[in-house]
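In the two complexes that follow, chain A is the common piece, with chain B as its partner first and chain C second.
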Partner chain A sequence: MTISGEFLAFISLALVAVIGGVLLLNLTKVVHMVVGLVFTFIAIAGIYILLSAEFLAVVQILIYSGAITIIMLFGIMLTRHNDEESDSKGGGWKKVLLFLGVLAFGAAFYIGIYNLDFGTEPAALHEKNTEQLGVALYSDFVIPFELMSVLLLVALVGAIVLSRNDGEKEGDKE
Partner chain B sequence: MIQDLLHSSPGLSNFVIFFLLATVFLFVILGFVTYAILAERKVLGFMQGRYGPNQVGGRWGLLQTVADVLKLLLKEDLIPKAADRPLFILAPVVAFAPAFMVVAAIPFTDRLQFADIGVGLLYYIAVSGMTTVGILVGAWASNNKYSLLGGMRAAAQMISYEIPLVMSVLGIALLAGSINLNEIVEAQEKGWFILWQPIAFIVFFIAAVAELNRVPFDLAEAENELVAGFHTEYSGFRWAMFMLAEYVYMFAMCALITVLFLGGWLPLPFLGFIPGAVWFALKFSLVVFILIWFRATFPRIRADQLMEFAWKVLLPVALANIFLTALLKEFLNIF
Partner chain C sequence: MTGVPVSAYLALALILFCIGLYGALTKRNTIIVLISIELMLNAVNINLVTFSKFGMNPSITGQVFAVFVIAVAAAEVAVGIAILLSLYRNRKTVNIDEMDQLKH
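Presenting the complex of A and B:
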């Protein structure tokens, strides 16, 4: 394998993503974990750019690194903000099982990915990326797209119902 | 020039060239920030019937900000004992880095631009949202109730006003048929979008002022309620980073308004002999002046009014604007 600029960029982005994930698992304070997660999200957006999916990359930053992280931070801060996780010590059997699980996961992924064939890649993916996405979304995938919007609407209505439920007295006053 | 460089094969010399260009650009922006602060203080002074800075650097106080920055950099680096040390150090960086990243995507003239990104408009909005994380993390790491309140207010305000900001811009994306900033400017040759999209302009401008956390939407740093808001515990160069981020965003937002609504580098009719860079600078300065004018004129809005205004006024108006634009585009075929 030759070392090209793309390869270097991929390696550094992948490292950031993996380190962010490991930090998320190993840090003890919840806010630190979320910051680790932000780095993973940004690195994944960078990998999307390498795959010439710039629209997806920008949306990834907008939704995941921006919105979802802030919602998580709000959730953490509005509840208890200075609790630390204490390490629970598992027995020897747990560690063995964990190691077997990791091995099985690795093997499954290796077998799954090794002979994966996506077919030939269309050459002009990077040209007018947004337009191509839009055309595909509103011609081939209209029904899934509309179903998604119904799902989001249900979630929205559900959130409103949940948040109004415990304040019925105030609701009656208005 | 940048385009050729971007397409050439990567190497050490290219890295050095990019690094130098970015450094030069950083210094240009620092120069802007220095004189934007001075201009703000001067204009505010004149509007309030006083002189403003007039001691350091001649009668116009031209070196006042330089002296201030020097003082900030020489200050002792304080980190409160109860603060969350790693996050306290990381937060100003996270807040500032996106501010500098968004400026790279803005086209100043048809040649002078760092990155011609296909999704330039969305890139600006997405990356600028990252600063909210920096502010929130900094506020939390300070371990101070005023900081936390200010940070919460800033985050709530910035994510609420991001929605009308994006919605108002959709009308422009419809008319220009693109979200590439260069193509948006080129689509304005028939008339600037401030003429075709006046409603979008008003909504965008209000939302932009709120995004910048400036008066009348400066609840996040309301001095009389919160001491100084999210950066209460910060001092010295870490505080300077937050301030720098704020003013770089002001630079970026004014440039974005110029590009989206005022035709970027395009000249007025019959005045095409003046170069595009000068036109851009003129329009840009006008927008900066209006922002400073706002600050001198408006009182601060109340917290409940702030949220109601975003969700019950700006958002419906922006949605109606999209609908109207789509109808006009489809039935009248102006564009």
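Presenting the complex of A and C:
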């Protein structure tokens, strides 16, 4: 069995992605968790390139490891954290049961996918990827695209209204 | 056929989804819960792009769908952080088990 370069790239990217996820679960400081997850996001961008989705890879790096991580870091800095996230009361049993449940979920789905193969030839999506994506977006998916612009506008205006510090009704209900 | 089988990509997405699910259910910090949800959405995106290349009818539609998922995820994060900041201003906490106003 020869190991192709694609397989090697996939294995290393998958390893980085999973290690980033495990760091998210195991580190104690909140900032370290978010920075650990940046590795996962960049590795997922590499996986997109392997799957011939170059435009999505660039968008992934821009949005996830750029914008969303920075927003999360701002959210961390604007709030006060008692670091060393302490275990809640009697959380041991709950964590073990949740771990078993997630493990059972993963095993059930792995049984479904472990020898899945459609036998179809992969499409030539890497040739002029951005052009294909743009043509599809502006011909077949025009209405969802416009709806998405409305959704983004409403969400961002809503975010500003929610987080605005209105001076007159200072909420001191603790 | 290419070197990497379909099931390898799907298994990677499954592992990332399970990590995100476990983090979203066990962590107490609201920001970590939000970012775990982002990780789950990313795993779903890997599945969509995989099926757009190797699926029954390989076409660009899966990638278009992934673009929409990314846009919705960005909007969700913005609203989530805004709710978190406004809650923090009122309750001075970020722990998710102390946000229980609706229970009392």
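For the reader, a short list of remarks on this structure follows.
Definition applied: the second predicted complex is superposed on the first by the 134 of 174 C-alpha atoms of A that agree within 3 Å, B and C clash if a C-alpha of one lies under 4 Å from a C-alpha of the other, contacts with A are read in each partner's own complex, and residues count from 1 in each chain.
The rule is simple: a residue touches a chain if its C-beta (ideal position, glycine included) is under 8 Å from a C-beta of that chain, and two chains touch if they have at least 3 such contacts.
Predicted model, so just to flag it, every value in this text is computed and none were measured.
Residue contacts after overlaying the shared chain place A:74 against chain B and chain C alike. By the touch criterion stated above, A:163 is placed in contact with chain C alone, chain B being left untouched. Once the two complexes are overlaid on the shared chain, A:40 sits against chain C while remaining clear of chain B. Contacts of A:55 after superposition on the shared chain: both chain B and chain C are touched. In the superposition on chain A, A:151 makes contact with chain C only, while chain B stays out of contact range. Comparing chain C and chain B on the residues of chain A they touch gives the larger count to C. Once the two complexes are overlaid on the shared chain, A:128 sits against chain B while remaining clear of chain C. Contacts of A:138 after superposition: neither chain B nor chain C is touched. Touched by chain B in one complex and by chain C in the other are residues 4, 55, 59, 67, 74, 81, 129 of chain A.
Taken in their complex, chain A has these residues touching chain C: 4, 6-7, 10, 14, 17-18, 21-22, 24-25, 30, 33-34, 37, 40-41, 44, 47-48, 50-53, 55-56, 59-60, 63-64, 67-68, 71-72, 74-76, 78-81, 85, 88, 91, 94-95, 98-99, 102-103, 105-106, 109-110, 113-118, 120-123, 125, 129, 132-133, 136-137, 140-141, 144, 148, 151-152, 155-156, 158-160, 162-163, 165, 171, 173-174.
Taken in their complex, chain B has these residues touching chain A: 9-10, 84, 86-87, 90, 117-119, 122-123, 125-127, 129-130, 132-133, 136-137, 140-141, 148, 152, 155, 159, 179. The touching residues of chain A, counted against chain B in their complex, run 4-5, 8, 29, 31-32, 35, 38, 42, 54-55, 58-59, 61-62, 65-67, 69-70, 73-74, 77, 81, 126, 128-130. Taken together, the chain C residues at the contact with chain A in this complex read 1-12, 14-16, 18-23, 25-29, 31-32, 34-36, 38-39, 42, 45-46, 49-50, 52-61, 63-64, 66-68, 70-79, 81-86, 88-92, 94, 97.
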